[in-house]
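Just passing along the structure, written as structure tokens.
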Amino acid sequence: MYPFTQGSFAVRNGWYVAAFARDVTRDLLARTILGQPVVLYRKQDGTAVAVGGRCPHRHYPLGESCLKGDSIECGYHGIAFGPDGQCTKVPSQAHVPRSYRIPTYPLVEHGIWMFIWMGEPDRADPALLPDLAEIGADGGGMILRPFYSEHVKGRYQLLNDNLLDLTHLAYLHASSIGTEDNASVPEELTREPGVLRSRRHIRDAAPPPVVRTFHGEDIERIDRVVGMDFYLPGFHAGIGDMAVSRSNPVRGGEQLNRSRVYHAVTPETPTSCHYFFAMAAEDEAGLDRMDAYLRPVIAEDKFATEEIEKMLAIVGENPEELLLRSDRNAVEGRRMLQQMMDAERAPA
Amino acid sequence: MYPFTQGSFAVRNGWYVAAFARDVTRDLLARTILGQPVVLYRKQDGTAVAVGGRCPHRHYPLGESCLKGDSIECGYHGIAFGPDGQCTKVPSQAHVPRSYRIPTYPLVEHGIWMFIWMGEPDRADPALLPDLAEIGADGGGMILRPFYSEHVKGRYQLLNDNLLDLTHLAYLHASSIGTEDNASVPEELTREPGVLRSRRHIRDAAPPPVVRTFHGEDIERIDRVVGMDFYLPGFHAGIGDMAVSRSNPVRGGEQLNRSRVYHAVTPETPTSCHYFFAMAAEDEAGLDRMDAYLRPVIAEDKFATEEIEKMLAIVGENPEELLLRSDRNAVEGRRMLQQMMDAERAPA
Amino acid sequence: MYPFTQGSFAVRNGWYVAAFARDVTRDLLARTILGQPVVLYRKQDGTAVAVGGRCPHRHYPLGESCLKGDSIECGYHGIAFGPDGQCTKVPSQAHVPRSYRIPTYPLVEHGIWMFIWMGEPDRADPALLPDLAEIGADGGGMILRPFYSEHVKGRYQLLNDNLLDLTHLAYLHASSIGTEDNASVPEELTREPGVLRSRRHIRDAAPPPVVRTFHGEDIERIDRVVGMDFYLPGFHAGIGDMAVSRSNPVRGGEQLNRSRVYHAVTPETPTSCHYFFAMAAEDEAGLDRMDAYLRPVIAEDKFATEEIEKMLAIVGENPEELLLRSDRNAVEGRRMLQQMMDAERAPA
């Protein structure tokens, strides 16, 4: 399906964010991920687990059920399943065969995220998770905070495309974070196994509208590093450092902002996805400010994604597409994902 | 379609409840039954009839039309059809050929129900209707009352499955009518032509929460007969007699409750159905009480049905299904329906 | 698709009303027409244009974008397109190849309407537009006024059928404009290239309920000319002149009402359309009166159309259809449209 080959939906063997860690509790959290119903919860010892969300008896949603100890008791006929997927109780029969079970999914609490692996369980290698130190999410001087969880009625790749092409900042987000520099300054791309990095070094440029509000009206020019690292298949870690431009005689070189943004995009159905946005910054006040400030920005990205999904419903799955020079990063990201999907379908 | 073979939707040659008798009046009542639009109304002499709900001229819904005498006058161009389906007027032409007509469906007012036959009309034998005396609905000492008509966004068989497996009472209805006895006491099944009977004799058991409220806190143990008779293809008559357990020194053997429940399940579309719930009890006060008391119970069954339909939309039409010993009745019910459907499709 | 042959949706080479002229302004107006997203706007010199509504880069709706001068700047990445469809700016690159473009559609401001041509542009001949003098919309003594724009969740041909068979007036609009004369008086049909005309000369007939209200309770009989001219593929110009019947000794022959109605029906998707209703009358007061008076009438037509579309969703695309003598006009209209569609699909 667009923008992939027919029959390609999503990479299965990869870590996706299933939820923010704080949202997985002793209350069952139901979510469809890669077309599969999943329930997330914490055991009594605090460990988080992910199991299939459908009772195999009559397909009642286990997310509408009860947690009893570490087991889910189906809300329909009381059949219970442990966190290992094993059936632990059938009220109407004394003997419970070992074959009665629900799927379980590898789930790793990693930073502020719960990463799930929907593919072959024995390939779920934690070494494939984004490195927390590398993405500035290891707590070293920066405070990490989950911001928003969004359900988006658009296919996940539209959001990946969005994040892989920051030339949209000046237009979709014109009223807030956008300046035209992202579109006019060429980006440097680096491809590593499973990671695609983009950087723009912007020198002596006009600041985004918000910078003066927060840091002083005397800032006329800034230096910026804008970057986004795509950890395939669905995690983007962004860098947005700013300093007062050297051309400023008084404050030249002063660091204004050091922050990290984290966008996680997780396929739900072929035409919808989950979107998790988080940040790291040096102080709580800065995070509070960004939380309020970025809410409309994320809403704009969600809006664009949903509008494009509606457009695809009108014009069909294979719209002619104009590729620009600025699409290099998005095209490379799509190509890497397509390769991973092709490899999954290839006979072993 | 699930849980039947591909292409099997529903038995056509069988009586289904189309409405409660009281709801068929001189106002046109439109309903889709087994995928066919139907309109129900009473003639001036009080007889109820069922005709096709689509004007054959321009497909306008006859349910949005007017009753003139015993004929429906289409609300669009004024073409009229009598209760025998025959066209009686075409405003723009003097001559009305005999071939202008709409379908009619055999309709029988039987107890408090209107039973319709959507299949071959000459096979519509009233002897195939549930026997009113047998189901305690002949007025012999019991008062019959229609309770609720529900439109359910789930396939009819999910409700049949629900009614054929009362082990769900303890879980889906835990807060009201449920006790674990239905799950733990084995049922006795009897198969007769067109009827499938289930009985549980529960001795010296804790009463459902509601019993003490209604009959006294001194009732610690009761004896119960719980049963459900499935009159195929879509009518279930239930028995729920209770007496104070013989172990009670003061009130032992005292009859607490004699009531009948009637569940009618009628396919609308492949993924939706009509659900009619009624009761018989010995006094009006008891019926009033049950009316209020059972409303959330039926809502829970509707909820479960709709949630499972949503789950099937996610996981597809052929989910793997775990069959338990307690499913004997449901499996037998499905098998009987499948046989009827197969017979309808077999060449004569 | 019903009522046309399988695969036939709509005539492409023909003028359709895209909007009332007054609604095309310097604000972008987005609309789907014949399954294609379109944006309408006026250039700075006042000329109206129609261009494709999808940015070819990432399929963002150009209707959710900004007009900058005479160009649309896509709200997502800032790519701009002129009114000739040519890309005028790509923020991330200096050179813009000539091949970057969006479709444009011939658009003609004609009377109070904007007519669009969605088919082959070189066949868009303004001579094929309805002649304004012929339809009484050239301002010669009559005042033209757009009344309502409706989005209708039903296929366009249901509305065409409605307008080609005025025998529905007496029934669907019984409480307002209807009398039974339209059904009982035969119509005269005239077929010209691209136009299908229907006329009924009704003599000495009871007036529609509204006539007495507006013109006096002493009017017992009237003479009427009722007509509708279908300018294929989607424009209907109606005539509804009335005079007091010659049988009235006092007011006999007095002209009561001279007005024209204009119904434009434009396919949106296979199961939805746009509907534009306008009138011409001799004075503003008459138009005010009709605006209020006809609102429920048009709502009834919309209701019937949407109800029939729902019925088709239940009974499928090939319902058996009863054809009456009064359907001659509708059948001829369908046949002419089918011929045009067949010709478009024929190899050149």
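Miscellaneous remarks
For clarity, chains are labelled A, B and C in written order, and residue numbers in each chain start from 1.
Assume a residue touches a chain if its C-beta (ideal position, glycine included) is under 8 Å from a C-beta of that chain, and two chains touch if they have at least 3 such contacts.
Everything numeric here is computed off the predicted structure, so don't read it as measured data.
Touching chain B and chain C at once are the following chains: A. To fit its Cα atoms onto chain C, chain A must turn through 120 degrees, a value rounded to the nearest 5.
At the interface between chain A and chain B, under half of the residue numbers appear on both sides, which makes the contact a different-residue one. Centre-to-centre separation between chain A and chain B, using Cα means, comes to 47 Å. The multi-chain contact residues of chain B, meaning those touching 2 or more other chains, do not exist; every residue touches at most one other chain. On the side of chain A, the complex with chain B involves touching residues 32, 35-37, 54, 56-61, 64, 73-79, 90-93, 100, 269. Chain C makes touch with chain B in their complex at residues 158, 161, 165, 167-168, 170-172, 180, 183-184, 304, 307-308, 310-312, 314-315, 319-327.
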